[in-house]
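Labels run A, B, C, D and E following the written order; every chain starts at residue 1.
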Amino acid sequence: MFTPDNKDKILTGMIWSAAVLTMGFLIWILFYIVSNGIAYVDWSFITDDYTRTGDEEGIWPMIMATLYMVLLSISIAAPIGIMTAIYLTEYAKPGSKLVKLIRFCTEALAGIPSIVYGLFGMTFFVVALGLGFSILSGALTLAILILPVIIRTTEEAIISVPLSYREASYGLGASRLYTIWRVILPAAMPGIVTSLILSIGRIVGESAPVFLTAGMVARIPDSVFDSGRTLTVHLYMLTTELYTQHDWNMAFATATVLVLLVLAINLITKFITNKFSKATY
Amino acid sequence: MTMNTFEIKDLDLYYGENQALKSIELAIPHKQVTAFIGPSGCGKSTLLRTLNRMNDLIAGVTINGQVKMDGADIYADVDVRKLRMRCGMVFQKANPFPMSIYENVAYGQKAQGVKDKKTLDKIVEDALRSAALWNEVKDRLHSHAFGLSGGQQQRLCIARTIAMKPDVILMDEPTSALDPIATARIEELMEDLRKEFTVVIVTHSMAQARRIADKTAFFLMGELVEHGETEQIFTAPKDKRTHGYITGDFG
Amino acid sequence: MTMNTFEIKDLDLYYGENQALKSIELAIPHKQVTAFIGPSGCGKSTLLRTLNRMNDLIAGVTINGQVKMDGADIYADVDVRKLRMRCGMVFQKANPFPMSIYENVAYGQKAQGVKDKKTLDKIVEDALRSAALWNEVKDRLHSHAFGLSGGQQQRLCIARTIAMKPDVILMDEPTSALDPIATARIEELMEDLRKEFTVVIVTHSMAQARRIADKTAFFLMGELVEHGETEQIFTAPKDKRTHGYITGDFG
Amino acid sequence: GETITVSGSNSMTSLMEVLAETYTNKTGNFVEVQGPGSSAGIRAANQGTSHIGMASRAVADSEIEAGVERIIMANDGIAIVVHPNNTIENLTTEQVSKIYRGEISNWAEVGGERAPIVAVTRDTASGTRAGFEDVLSLKQTIAGKKVSAISPRAQVANGNGMVKTTAGQNQNAIGYISLGTVDESVKALDINGVDALVANVQNQSYPVARSFVLMTGPKTPDYAHAFVEWILSAEGQEIVAKKGYVPAK
Amino acid sequence: MSEVNVLVQKDSAQEELKSSRRRDFIEHAFHALFLLSAFIGVASVITIGFFLVKESLSAPLYTGADLARYLVEEEGQSIFGYGWLPDGVVGTIQMLTNSTWAPPAMYGLAPMIAGSLAATGLAVLMGVPVGVLTAIFLAEIAPQRVVNVMRPAIELLAGIPSVVYGFFGLVVIVPLIETVFDVPSGASILAGSVVLSIMILPTVIAVSETSLRAVPPQYREGSLALGASKIYTIFNVLIPAARSGILTGVILGMARAVGETMAIIMVMGNTPAMPQGVLDSAITLTANIALEMSYATGVHASALYASGVVLLVFVMLLNGSLMYLNREKAK
């Protein structure tokens, strides 16, 4: 019964079913969300303000808050993350205690549950530093949260820059800084872009650490010291306060926009990465 | 009296625990071509990379002994970057940077802070001429280096090295990835280079060593078995192992 | 009349657009050693891998022409797995699996469903003996294969192949990553193998081809330039290019 | 204009946001509403981190610091809701209490079909829960401290909507939500024979009710006080009534 | 060339090779900048750890002193044997083992720890085999065209916010479990772990696929050349060789599952009682923090921070075990 051929067939069957299951779940979730929501996504839904008196029910303020959050957290985390990756790959002695410490810490950061970031952000940025519920508190918290993603992915990208480039550059008497700037960073660019876009996905997708630090005011923030409600927080609030069929429709519509946004981010990643890799190779 | 560019004394090199070079004693003469030959893994590349301290890039390398370039101990008080500018290096697989032909050749000068366009243009042209590549690329200096063929890329790497105005050119199997025609071009080029530079070349082809080298050094398992005039090594080797290798008994 | 294990007729092979083999016509005789020689990239490995359909693994390979093994067209109605069991293959870099020595040798038989411990023990011992490895490893059959030296690993790979009881052993530069002593051991081993198996070996060392091969085939840029008795190829080549290559004018 | 910060009760936020928006449009003073829960509102008022705190339940003297004032802005019934298909129409306060203590666990015990009861409660931060516990005496003392007596086996939902979704899709569920948020997706039960209607909350015959409380502290600026006064004005109270709550005046 | 000349030339050469400090300053400055950046990560971890521990300290102290006494006197629970230990230690033990969560009196974390472990464990049990097999499909079996479609699809799965998963779980999975298993409520550990297992799929698949693809082609060739079938090769050579990568994927997936909050709140029922089976409702450490943090004060808040510390310890243990297992492999 269990001849090698039969075993092969059974295992092949299992592999195919796993793949089908994975795709099935994905299609199911997407179809469920989008089919229920797409009917209510129109131009005014996206560009209108959000009011509770009922005249406008758009998600524009949430889109803006999300955008602010993304820009601010990325501009805090990206330089730090990229420079850390450079330090780890180009400067630090591999295997030294320092590297081990840094790596352990980034790995720990990567594994800390996001709710713990929320707790920390609330205690530290909101209360201890007195920044209050604000885009800034939120962005600082999220910056720490995405730091490991940027560090790890950038590190991978830098490591995979062929050793031959490095040898050639050093062989020509170039300094380390020059080599990094002219050769390594350009060659690692596709990977760095990927890491940034992964981080954007993470920022867009977080809820708990965001509303614990940035609050949930549904208004376009005037400055980084204002509170703001990101799309995901908005969706979360909608789901806890679903009263009428109309609320449901709005929740599905918001979820649809979120999914489409994530899809757009992924496609942009692909596009930019391809463009960069064509430019350099 | 012949002058020596390099004088290597009692050199040991370890990759971690593993000894790759064993008490090497060797002098590399000025403005001549010296070839390193020997079976795979015998330490040819390792020794070559010791000459411009390229092994510094590898973690866990320990070096004992002395390497002197023009009398200065390169492992003592020497600026590594200056050393590498004086000892250009060409690798087995052509490794142009992912940028234009012009940028590739100007790279080393720019890294030293040279900015003047005229100066750079001149250096680039001279270097490409010396590398016998100018005629082929003069109309597309600003197109991407990856558009060149394998042999052209290798000559580009040589040009890039020449542009640094080095004293020495170190070559690690520069033709082993090339077809016979491209190989012939590079070998011709080497005929010209020997007039101006001290050349050290690692090769696995004994025929090539014989064709181009003034001096040949034969290595076996980390040891320098024998070195001397190329003719003498190939026609009257003193060591039985050298004889075995060149007559094809092993390797 | 000598028997031929393989008969290759008008074989073209393309990697995508790029033609790597051009109308090859070649017969590989039974229970003899045939060597493929030629400069890098000339298609030696490609042809070898055509014989056990290893190129099937590479996407975008197109094959035209005919390869017959013992009269059966291997690209028509033949079970690939059976074909590969009959044509064992040994690669340039020893590639033992990350498991014990015993498991490595037993691997092929187990993959065919053989479970009986006694049978496997016997096969493993016989194969290790044939590969001249038994005495060195008999006390540590269950330790990890990576603990062996390079040469031992290569013999382990040969043992693993022999354990499949093939008719043919295909070897792609089996000694090029080995030191001279290990190489000598493998060459001795081949002396024994030729009694039982048809052996095809790719080598970049002409000396090696001369030492071990009955027949030699010389390739250049995808074409089979010349083939025949090894002695004739090396002493009286018919083609000018063959002559150029064996005398070291290029490559 | 100025920015007035309001935080606290989650149930009150939807009403407060409407009030806030109307007020902003009227005066140009922006009102920022955060709704994490009533306890957070009390804390915000005590610490002065928000101008106005909100609690959807009675706030005890012991809970507030000196100088913090409590103003009732509205009253709200707490509807006990079940799935529309549930045959039960009426429960007594005692039955509800026992259900939540876990002493009654089958609908048959209260006259319904034989099916287990799935009790859904709110999170402990909720004022609705606190109000519910107060009215139904769902408190017990452990180690000298008053804690909730609701069974730990009761499911916890983190918003009125979540309770409603669960009660609306699970035939066995029972939950409680702000009366102002009831609609046809769930069935509001009569309690002690009294219909869960705004009118009955107003005339105090519906027993499960609580107040919506605003809190201001010594640091609350005048423009925030003005907002509170406006809420208590005829115009503000009209909005309260329109949204389905019981005006305080 | 005369000897003198040679000597002069050698001198100047020596001079030329001497190290100069010309642009070294910039080099050093940047080196310092890079190092500083690297330390920000370290500083963050230390700060987070410090805050969590500091904020959580009063919980075990309190529970140690008061709760222990209460439990002995009124509930008759035995805590003997711990008496000689400091209050903090007794409190910590109490907190981790007591199963009553009733703020502001009792802060037993056992139900939440059980909930987190059960949901994560089950999610791994369901998600990992599907994930690894899908990775095999992508790396070894699927034709390139299928890979080109599937990989972006799975990346999309990774990018969907967890709230969306929770929403889907709440309205689809929970009622489904009610009908399939005929239980009073579908909000259960099972519902939570189904949602989690879908959520960890992308991580497990991506990391496993990468490591399967990184297995040296020689292994594949070696095995196929011996006449082994593709499937035999996959399960007997490739998976063992990719073991450490697959393990990394599993552990990263576990970390994601342990840390998940919003999706879990929506589908698991959040009952702070010790779960009796996978069809029971349960609450996780993360859900408990999210539900109560907004209002908790004093000891209650400390207890929530303490659950944050417990989570942190879990994650560190996972990281540690990953390092350990991978080191075993490296030998």
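Please note the rule applied: contacts are C-beta pairs under 8 Å (C-beta built on N, C-alpha and C of every residue); 3 or more make two chains touch, one makes a residue touch a chain.
Owing to the predicted nature of the structure, the values given are computational and were not obtained by experimental measurement.
Chains that count as touching both chain D and chain E, per the definition above, are A.
The two chains most heavily joined by C-beta contacts are A-E. Taking each chain's centre as the mean of its C-alpha atoms, the one that lies farthest from the centre of chain A is C.
A separation of 48 Å divides the Cα centre of chain C from that of chain E. Chain C and chain D have Cα centroids lying 82 Å from one another. Per-chain Cα centroids separate chain A from chain C by 50 Å.
For the pair chain B and chain C, the distance between C-alpha centroids works out to 35 Å. Looking at chain A, one finds that residues 4, 175, 239 touch two or more other chains.
Residue positions 23, 170, 229, 232, 266, 290, 294 of chain E are each in touch with at least two other chains. Touching two or more other chains at once are residues 111-112 of chain C. Interface residues of chain E, counted against chain A in their complex, comprise 23, 26-27, 30-31, 33-35, 37-42, 44-48, 51-52, 55, 129-134, 136-138, 141-142, 150, 152-168, 170, 172, 198, 201, 205, 229-232, 234-235, 255, 258-262, 266, 286, 289-290, 293-294, 304-305, 308, 311-312, 315-316, 318-319. Remark: chain C residues 39-41, 176-177, 179-180, 183-184, 205-208, 210, 221, 247-251 touch chain B in the complex.
Interface residues of chain B facing chain A in the complex, by the touch rule stated above, are 52, 54, 57, 59, 81-85, 88-89, 91, 93, 95-98, 107-108, 110-112, 146, 157, 160-161, 164. Chain A meets chain B in the complex at residues 93-95, 162, 164-175, 178-179, 182-183, 186-187, 280-281.
Within the complex formed with chain D, the chain A residues making contact are 51-53, 132-133, 215-217, 219, 227, 237-244, 247.
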